[in-house]
Amino acid sequence: MPKLSSRRVHTPIVLVNFKTYAEGTGKNALKLAELCEKVSFETKVCIGVAPQSVDIAPIASAVTVPVFAQHIDPVTHGSFTGHVLPEAVKEGGAVGTLINHSERRLKLADIDAIITRAREAHLISVVCSNNASVSAATAALKPDMIAVEPPELIGTGIPVSKAKPEVVSGTVDLVKRVNRDVVILCGAGITHGEDVAAALRLGTEGILVASGVVKAKDPYKVLLEFAENMHK
Amino acid sequence: MPKLSSRRVHTPIVLVNFKTYAEGTGKNALKLAELCEKVSFETKVCIGVAPQSVDIAPIASAVTVPVFAQHIDPVTHGSFTGHVLPEAVKEGGAVGTLINHSERRLKLADIDAIITRAREAHLISVVCSNNASVSAATAALKPDMIAVEPPELIGTGIPVSKAKPEVVSGTVDLVKRVNRDVVILCGAGITHGEDVAAALRLGTEGILVASGVVKAKDPYKVLLEFAENMHK
Amino acid sequence: MPKLSSRRVHTPIVLVNFKTYAEGTGKNALKLAELCEKVSFETKVCIGVAPQSVDIAPIASAVTVPVFAQHIDPVTHGSFTGHVLPEAVKEGGAVGTLINHSERRLKLADIDAIITRAREAHLISVVCSNNASVSAATAALKPDMIAVEPPELIGTGIPVSKAKPEVVSGTVDLVKRVNRDVVILCGAGITHGEDVAAALRLGTEGILVASGVVKAKDPYKVLLEFAENMHK
Amino acid sequence: MPKLSSRRVHTPIVLVNFKTYAEGTGKNALKLAELCEKVSFETKVCIGVAPQSVDIAPIASAVTVPVFAQHIDPVTHGSFTGHVLPEAVKEGGAVGTLINHSERRLKLADIDAIITRAREAHLISVVCSNNASVSAATAALKPDMIAVEPPELIGTGIPVSKAKPEVVSGTVDLVKRVNRDVVILCGAGITHGEDVAAALRLGTEGILVASGVVKAKDPYKVLLEFAENMHK
């Protein structure tokens, strides 16, 4: 594992993407982050939260779990109205950032520049990728983490624990061949605790989840199940 | 004047765009906002601040001057990772938002959608435009305000007070012919107090400024000069 | 009507968008253009074709009907690899171009710049717009033509002849109030000849069609029906 | 070397990007392509030309040198108005395409999809990349060729023959470690024949040039010098 730039971040990790869900916005986002903190405290598993940029500062000042931005731009201090400055996100209390999420796809040259800017601002970079070859390409850019989303697990509804092992381990192998140091998260196919256990067994060191937690009837229960299955 | 959706916002107005300037980020942004509040209190002129999204909540909870986002996206609650949700910006304490700034140009269909979304989230919409015909086009989309940047005043360094009056009044006329209700801000050519006075005399109801204030040696002094020239 | 920059273009007009349909690509595109020419010759109605950029030159050198590009970029001669230069499209034989089609939405500032560049390259500009307020905004940019797509007619499957008259005439009124000179095309809701007649009756001067012609079992028959209903 | 999908393409290769230069548009583009054909015939060196999409068909039907598009989109037959369909480019006579040129940067996911689409349409894919790590990332996507542009050679005006050897060979090594089969072109720093010789000596199998040829006083002379230095 590379030396992650925040003491609070360690693997295995559950990273919860709040998206722009009503349940993950404003006061609701804060409540959800507190709940993540509770489960993290109880299970000793690292649980990161990725709220919207507006919610980073209020959440980071209220909880101890690590906060991630959902996106940053490859900009510096200057004339970049409406962009997300890595240093602003850092000063707001974030320790890392998602990059190139499927809902916010970026140019290759910008992903490369953002990873560099994240490093300069002491933010952990978590790049999302949509298939095995893009995951391998991303690995060459040397981010701290890659959240892989095997196409066989998206849309199909097949959970990791029921999928052919190669679906996850194949991507892990391909990524590791390009970059042994990168931390791989499983970004799709996580529904139950057994999927978490399967994902770790197949070579990933954590999971990136969203609606499964944020829009769950009982997010506490789901998170607890996920976290408990993190102890291999 | 249209009924602006916040009691705190009234014309004439000075709107200060913090961009991603070091002087307008994080703790510095907070200090600058407090300084705007001081001048607003002393002069009774409305001074709005537009910090980065990460800084909206900390600033909005610390000062009484109206806070504007620098950008919002045409999204709703849902799966829009890395986008700026109008409702999040509102809950964070903003009363309005810049749209289509020259450093964050948007698609025509998205500007239209964002103005609608801003209205739904009770945010004042301030659309930036780069010339007379684009200003007229923008007026047809019925935003609350338009910040016009006559090309004759950008880059050339010619201040409003020294420019041919038609440069500003011509755009004002064109905009008013399409939409009588929209508030027009002068978004370029403001260097000294006399430029503020000239801008108001030529039909605008306020100014949008950035480096002139944010990167000034003495922002308090500049703001005071601007605000005092607001009293026609 | 404004003075359109090609003698071959006159209203009322049927403009056929070939998209990237198999039936509208390469040799098929040429055949389809020849068929448009046949119907135009028989009915004396102006029928324009909008093939892909690669197919402009072969088609323009083979048929007499006016050829339109599907898109041009706001670029000049210079370092703009992979962009569509207005002058290249003109020299290839096109007389005009679609701009801001719903499948190729553009930034407001770019639409404005493209209309200017089209004029400089002597290309007729046909801007697509998605609702009444965007149509009015587009009118302020002074293109030669606007192809309006009333939302009430898209997706719903309601043809112009069955829709409430205001759906089309309302947009026409709004556009004409901003710009009396622009030619308005009806870009949605055209299924049968009676829709063409209704569209013209409601104030438009032509239609923009795609799959209805390109993917028809018998494109000749459909085009003939459309063209014959152009004679009010 | 991978099996390139056109018999006419072989290494070492000179690939000439016509951009939107006046000297590379329309009739001028055709003349320039004929000149490339002449030099290719005289020297037996493969010289490819990359004109604008509008000029592909006229050029491909007039000359025997291989024609490349400057850009294609990750689209299929269907509703993609204004996009460049790989199959249309192929039917127009192109044998390959540039992808992700510095003047037309693309999203990582789109580069991946375009390489796949190019393969399906039997087009040779030539992806441009801006530094060593992006080149390595690109290699993982398995295009046919990569045109590398070492940052040390762009803007600085340092030609390959005068640069430190590692500047080029370092990138070559990094790329080959990820993908041994990809053909590497040198996309910057080529001014004189000795730069061509140096580029080949350092591990590339060809060059991508633009203004150096297209805007030369005597393009024939420059091309001849480049081609003659291709024979190692």
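Letters are used for the chains, namely A, B, C and D, taken in the order the chains are written, and counting of residues starts over at 1 for each.
Here is the rule we go by: a contact is a pair of C-beta atoms (placed from the backbone, for glycine too) under 8 Å apart; a residue touches a chain by one contact, two chains touch by 3 or more.
Keep in mind the model is a prediction, meaning the values are calculated, not measured.
Chemist: Taking CA centroids for every chain, report which one is farthest away from chain B.
Modeler: Max centre-to-centre separation from chain B belongs to D.
Chemist: Roughly how far is chain C from chain D, going centre to centre by Cα mean, in whole Å?
Modeler: 35
Chemist: Let me have the rounded angstrom distance from the C-alpha centre of chain A over to the C-alpha centre of chain C, please.
Modeler: Chain centres of chain A and chain C, defined by C-alpha means, are spaced 45 Å apart.
Chemist: Mind pulling the residue numbers of chain D that touch at least two other chains?
Modeler: none
Chemist: Sort the chain contact graph into one of these: line, ring, star, complete or other.
Modeler: ring
Chemist: Any two chains that touch count here, so list every such pair.
Modeler: Result for touching pairs of chains: A-B, A-D, B-C, C-D.
Chemist: For chain A, which residues are in contact with chain D within the complex?
Modeler: Of all residues in chain A, those touching chain D are 100, 105-112, 129-131, 133-134, 136-142, 178.
Chemist: With touch defined as at the start, can you tell me which chain C residues reach chain D in the complex?
Modeler: These residues of chain C touch chain D: 17, 19-22, 25-27, 50, 52-58, 70-71, 75-85, 87-89, 91-92, 98, 101-104, 210-211.
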